[in-house]
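Notes follow the structure.
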Amino acid sequence: MEAQIFQLQYAIDTFYFLVCGALVMWMAAGFSMLEAGLVRTKSTTEILTKNIALFAIACVMYLLVGYDIMYDGGMLLADIALDGASSADELVSSVLAESSEAGFDGGSVYSNASDFFFQVVFVATAMSIVSGAVAERMKLWSFLLFTVVMTSVIYPMEGSWTWGGKDVFGMFALQVGDTGFSDFAGSGIVHMAGAAAALAGVLLLGARKGKYGPNGQVKPIPGANLPLATLGTFILWMGWFGFNGGSVLKLGDISNANAVAMVFLNTNAAAAGGVIGALLTARLLFGKADLTMCLNGALAGLVAITAEPSTPTPLLATLFGAAAGIIVVYSIVLLDKLRIDDPVGAISVHGVVGFFGLMIVPLTNDGASFAAQAFGALVIFAWVFIASLVTWGLIKAIVGIRISDEEEYEGADVSECGMEAYPEFTR
Amino acid sequence: MKLITAIIKPHRLEEVRDALSIENISGLTVTEVKGYGRQKGHAELYRGAEYVVAFVPKIKVEIVVEDSIASKAIDAVVSSANTNSIGDGKIFVSTIEHAVRIRTGEINDQAL
Amino acid sequence: MEAQIFQLQYAIDTFYFLVCGALVMWMAAGFSMLEAGLVRTKSTTEILTKNIALFAIACVMYLLVGYDIMYDGGMLLADIALDGASSADELVSSVLAESSEAGFDGGSVYSNASDFFFQVVFVATAMSIVSGAVAERMKLWSFLLFTVVMTSVIYPMEGSWTWGGKDVFGMFALQVGDTGFSDFAGSGIVHMAGAAAALAGVLLLGARKGKYGPNGQVKPIPGANLPLATLGTFILWMGWFGFNGGSVLKLGDISNANAVAMVFLNTNAAAAGGVIGALLTARLLFGKADLTMCLNGALAGLVAITAEPSTPTPLLATLFGAAAGIIVVYSIVLLDKLRIDDPVGAISVHGVVGFFGLMIVPLTNDGASFAAQAFGALVIFAWVFIASLVTWGLIKAIVGIRISDEEEYEGADVSECGMEAYPEFTR
Amino acid sequence: MEAQIFQLQYAIDTFYFLVCGALVMWMAAGFSMLEAGLVRTKSTTEILTKNIALFAIACVMYLLVGYDIMYDGGMLLADIALDGASSADELVSSVLAESSEAGFDGGSVYSNASDFFFQVVFVATAMSIVSGAVAERMKLWSFLLFTVVMTSVIYPMEGSWTWGGKDVFGMFALQVGDTGFSDFAGSGIVHMAGAAAALAGVLLLGARKGKYGPNGQVKPIPGANLPLATLGTFILWMGWFGFNGGSVLKLGDISNANAVAMVFLNTNAAAAGGVIGALLTARLLFGKADLTMCLNGALAGLVAITAEPSTPTPLLATLFGAAAGIIVVYSIVLLDKLRIDDPVGAISVHGVVGFFGLMIVPLTNDGASFAAQAFGALVIFAWVFIASLVTWGLIKAIVGIRISDEEEYEGADVSECGMEAYPEFTR
Amino acid sequence: MKLITAIIKPHRLEEVRDALSIENISGLTVTEVKGYGRQKGHAELYRGAEYVVAFVPKIKVEIVVEDSIASKAIDAVVSSANTNSIGDGKIFVSTIEHAVRIRTGEINDQAL
Amino acid sequence: MKLITAIIKPHRLEEVRDALSIENISGLTVTEVKGYGRQKGHAELYRGAEYVVAFVPKIKVEIVVEDSIASKAIDAVVSSANTNSIGDGKIFVSTIEHAVRIRTGEINDQAL
């Protein structure tokens, strides 16, 4: 009978992972729509191609080597079907043994395949952040080359130091417990990391033609399709329940089920706070209700709560989200002043607010310290930024990363994909 | 024949068409255009960066008529498109030397 | 061992609530897309802004006061993390005590946080109904002001009388059991309530310029983007499984699991019936296959079954849906004749059909009587309509609710948001 | 206590079916968006109408007769609410008896209503495949007439022979076990079947005007809205987790939960492989990164793995997907050479690759043989193709299946629906 | 030089372009327009309310040619755009006094 | 008065407008058009089938000016639209006989 209870717990926890993983996979659609809505018509096909291709590459590279680097999950996942057991029966008995040892209230015991499925979609999320920032001017194939490196090495390395529990280059530890560093679902490990890679790319790439005037004016380039951008945001909002909710890692007892519920609640509250923070800030600064800022605000709220969605009260989660919504508006304006051209605001939303998310963890989680959070952020940022800079630099030197001016005027859709997104509408 | 080209505000199109119908002028061609003139576009902020939406949406109406009814047609357009506000638009008149109805090959006044 | 079974049951039921809640949250995207597709291009950014902002406001206001008014859930939700217990262990033991008392087959025991999460998205649904009906002519900030009142007071009050189990102004009871009134998932409490608030707004606001000719002609204003409207409908259809399915309130035993399954099945059947009903009715009346009516028909089927999705046979659910699909077409045509300008058909879909949904409950549910259903509908409608009329009226008197004629010609996007939805396409 | 464990298992398995079913329902939105994005603007409203109407018709017809033909589920589903029991209590005891007999690790015991819900959305999937292939030139009402026949008879018949376990016209058996034929989630039974019906329709219908030049040139007709097509693909990708994942049929013990997880993982891997296979193939053949081929590649990967997503290793699943992605590109080009005009590539994606999917099953599943797979494919194809040809032929003879040339120039939206999809944009 | 303005049915554009090519006329400019004339738009019902889609989609083709080949060009358009049905469109001819090729500054016939 | 019609590359519009402003010409009307000429569209493959995107996106700028400043205006357009590459476009000049400002009824040079 006890065995059957463990079997049910295993089934529930596995299913919970799969549902959450499917929601995170769905975020790929969200990033695609958000980015397709915020670029110009003439770069839309290309950004869509980048998004679906990067997702595919992330899945394959993480399967081939990334998961092994990060979690020692086995190259090529050859043994994952039976979690390494030699037969289906042996799998059941080894799982039951593991469950007995962990105890009903202990660590989560669930299918390795569901674990990989949940982890792999996180890699794709980190990479999706990059595509938005370098949109409309980067060569498609150079971007895909970077994707291969990012998803097979750069991200798995820093993931191995934090969630993977390995020492940073064998030198020191960064994981929770030992070190006071805590990043529940990845404000830093996923989002700020993605933004760091994006920043490196943008610095080497330069701004879109016509984005900044000769005398320092910022010339806006309005996104071509705001319904798509809004849809993308809602998709991400929904997918984030899986992103954060699944990061509790266990559902199958009262404490954990309640924690998962709190995470859903706080995730939603922070997003709501982010919308309101950004809406009001934009109203005060610009005099209008700026939809694109509302969208970025929602995402900022989500990114901010991601580092710790389980301990804040819902009210605090709302306020954290609101603060993130305010920060993101200022950050976007500031980056434009610095001539860092980020068509979708990814560096502000995921980078600046990702860092903010890490720094507020100690406010509600005693296990984390400000110093450790700042240090952890620094390590992650430094690694991803430098490794990305080197990678982008090599790609730039060998095949180039930027399309020609003529191609940029005509639009990346024609030069990179040979296909317009809306061929029938006049531009 | 005369070609009367009127640049008008988009929401006056229906009135202009009706005014022309009353004068028994029922052939016209319409194009969506953007205009630049005294009526300035508004300044906007997109994500904090200011820019001027310089061009204002307008409708171009082209009407080819016999010489004899050109002035009636012009009057009809002027009175129906007028809202007494900047940007109401312009009318330009030029000469058409020759016209053909593609379906029948009829020419000039017969073709209209 | 028994405790572990209760723990699993708690986990399952909590997860079920969270999944259903996430699906209902997803309905916010559905309303946004539906409305963005059915208005004109020039009001699209504004309707999107309204939709995301109203969702955020609903989440915050319901958290601050609404949930407390409706269910005594505690102002600000301060204690929700541990369901009021002083420690995590105490939470477990208090939950187990509660489960023991309820018994395995008894009332559902699940995380309060998941309950809030599920409830809060219902508020947003009610409010989303309003935004569509007042589209293209209402001031954005006035609308958001109304949102604050609706989501913090008007909806929670009537919710408290029905699902909350409180007496109506301390005078009489409306909840199921005592009174013969039954509204399973909210045909009346959510949908008709939203429509009542919308109707009050529309009456004070008037029709869009150019919608009705001087001699009483109805001039159609076609929706600008039917793929978006269709997408929105499919999203709502999917989300509705959470809306109705979650309203069973328990999954974790055979009877309830079977009831949840019946609800999914009937919800789907009613939507299908609604499409067919509306498709054929529009074909007979207008001679064409009217897509927008199919969409409204699907939603009408869903609204109609919402008051009682568990007791009808699937065939009956299909027929109820079909009837709703027929009704909605006639209702939309009629409202236009009455010069009630509702750009997306929200008052017909949610109001007229919401009422229909309430009135068919007694056909399959013995616990409900026609008289009680009619009376309940009246109470809800009267309260929401009057309270809304007063609120809209005050807002109108103080800051105005309608944009100027010039702004309306140019489009609310420019005047309210300073941003076009598709800036590159010529209009 | 044991009873309670069975109750929980029943609840979990039922919920798992419902969640998977909702995901498959969601695929209807995916097909709609994919097809709406790949046709021309002037046929968009019509394709949307077809999609929502076919889904509704499939739900109703399968409820009325299809489920009974396929699984003896009872005409009209009259008894499904209590699974045939006379009272709620009797339902519980009969379920418990069934569970006892099956044993904890035995066959799945779950709500019949959830079974119907899961099955019905498969019918709609098969039918959705048809609508894309005959797009832009078929009469709407003729299509809907065919939908009635397909969903009430043609599909349920072949479904009854395979998953339903009945003999083919009482002559021989095709189901797994006896025969070496295996089709886990329906590469053949659902996808190739849909494609066979589509092919029959396309052959009788002919190509779109202007698609093929007099000297055999193929003139491309670009899809009007690639963001929609991409969104549709992502929706299908997500929905496919339900399609394949639910087809394990049981979640509630370790072996099955692990199998479900493997199915999710492999489904995702195959889709990723498909994208990469198609991306590179199109790059080599056409010199550009062809987004539409990436989309078809993802779907091809998904179709290919559907016949057996549980036994391959993840690496193999990726490779199968990649092969499918390569095949689909060649198939699309070839069909165009043969002047088979399929606007969305449905026959290649679902038909050619569906067959491929069946044929690779024996590589990883010992229970299947190549001969049996080929024979099964032949039976399914022959039945669906011939029955469809007869049905389309009759409809053609009686009411016609093709709109007039003039209507086609103007677009099916105006002639069939009287409504443009984007009425405000100039074409 | 002459400016030949042809208002044609959208699906005849390819034929017209080909017919002009045969006459060695390979410069032209195309605009999407809506036309109003004898060919009436169809009446539609949107959600039960009737309205007339008054304007029919047309394509405007503008071709500037030397005087000497104007009539050949007109004939080419007439024969290629003709479908013998109402709404086939019109051709209007007017005079261009001066032409410049921006890239080279060449003028008049050289500029075409 | 003269109607100056310039067909230019879309990304030169801002420069052309600025150049005209310097000459104090601030009224103009802009249309999105597609051009066919020496600058050939590119060949594309859509799902493996080759086709030529024959028409290149262009912007048509129409400016009505007093006769006296026509040549200044032409020069301004030529110099600002020129990128020295094929497809820079053309300028066509014709006569406008009559002009009206709809709002005030002012005519001819007063109306511009």
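We just call them A, B, C, D, E and F in the order they show up, numbering each chain from 1.
FYI, a residue touches a chain if its C-beta (ideal position, glycine included) is under 8 Å from a C-beta of that chain, and two chains touch if they have at least 3 such contacts.
It should be emphasised that the depicted structure is a prediction, and the values quoted were computed from it without experimental measurement.
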Residue-number overlap at the subunit B/subunit F interface, same or different (half cut): different
Pick the pair with more C-beta contacts: B-C or A-D? A-D
Subunit C and subunit D, separation of their C-alpha mean positions in angstrom: 32
Cα centroid separation between subunit B and subunit D, in whole Å? 52
Can you give the whole-Å distance between the Cα centres of subunit A and subunit F? 46
Any idea how many Å lie between the Cα centroids of subunit E and subunit F? 18
Going by the contact rule already set, what residues in subunit E reach two or more other chains? 31-32, 34, 44-46, 94-95
Can you tell me which residues of subunit A touch two or more of the remaining chains? 1, 5, 8, 12, 19, 222, 225, 231, 286-288, 290, 292, 418-419, 425-427
Where do chains touch, given as pairs? A-B, A-C, A-D, A-F, B-C, B-E, B-F, C-D, C-E, D-E, D-F, E-F
In the complex of these two chains, what residues of subunit F are touching subunit A? 10-11, 32, 34, 42, 44-46, 57
Contact residues on subunit C for subunit D in the complex? 1-2, 5, 8-9, 12, 16, 19, 23, 40-41, 104, 222-227, 230-231, 233-235, 237-238, 241, 245, 251-258, 260-262, 264-265, 268-269, 271-276, 279, 286-292, 294-295, 298, 311, 313-315, 318, 425-427
Interface residues, subunit A side, partner subunit D - complex: 1, 4-5, 7-8, 10-12, 14-15, 17-19, 21-22, 25-26, 28-29, 32-33, 36-37, 44-46, 48-49, 51-53, 55-57, 59-60, 63-64, 76-78, 80-83, 88, 91-92, 95-96, 110-114, 116-117, 120, 140-141, 225, 228, 231, 416-426
Residue numbers of subunit E touching subunit C in their complex, please. 44-51
Per the contact definition, I'd like the list of subunit E residues that touch subunit F in the complex. 1, 3, 17, 26-31, 64, 94-103, 105, 111-112
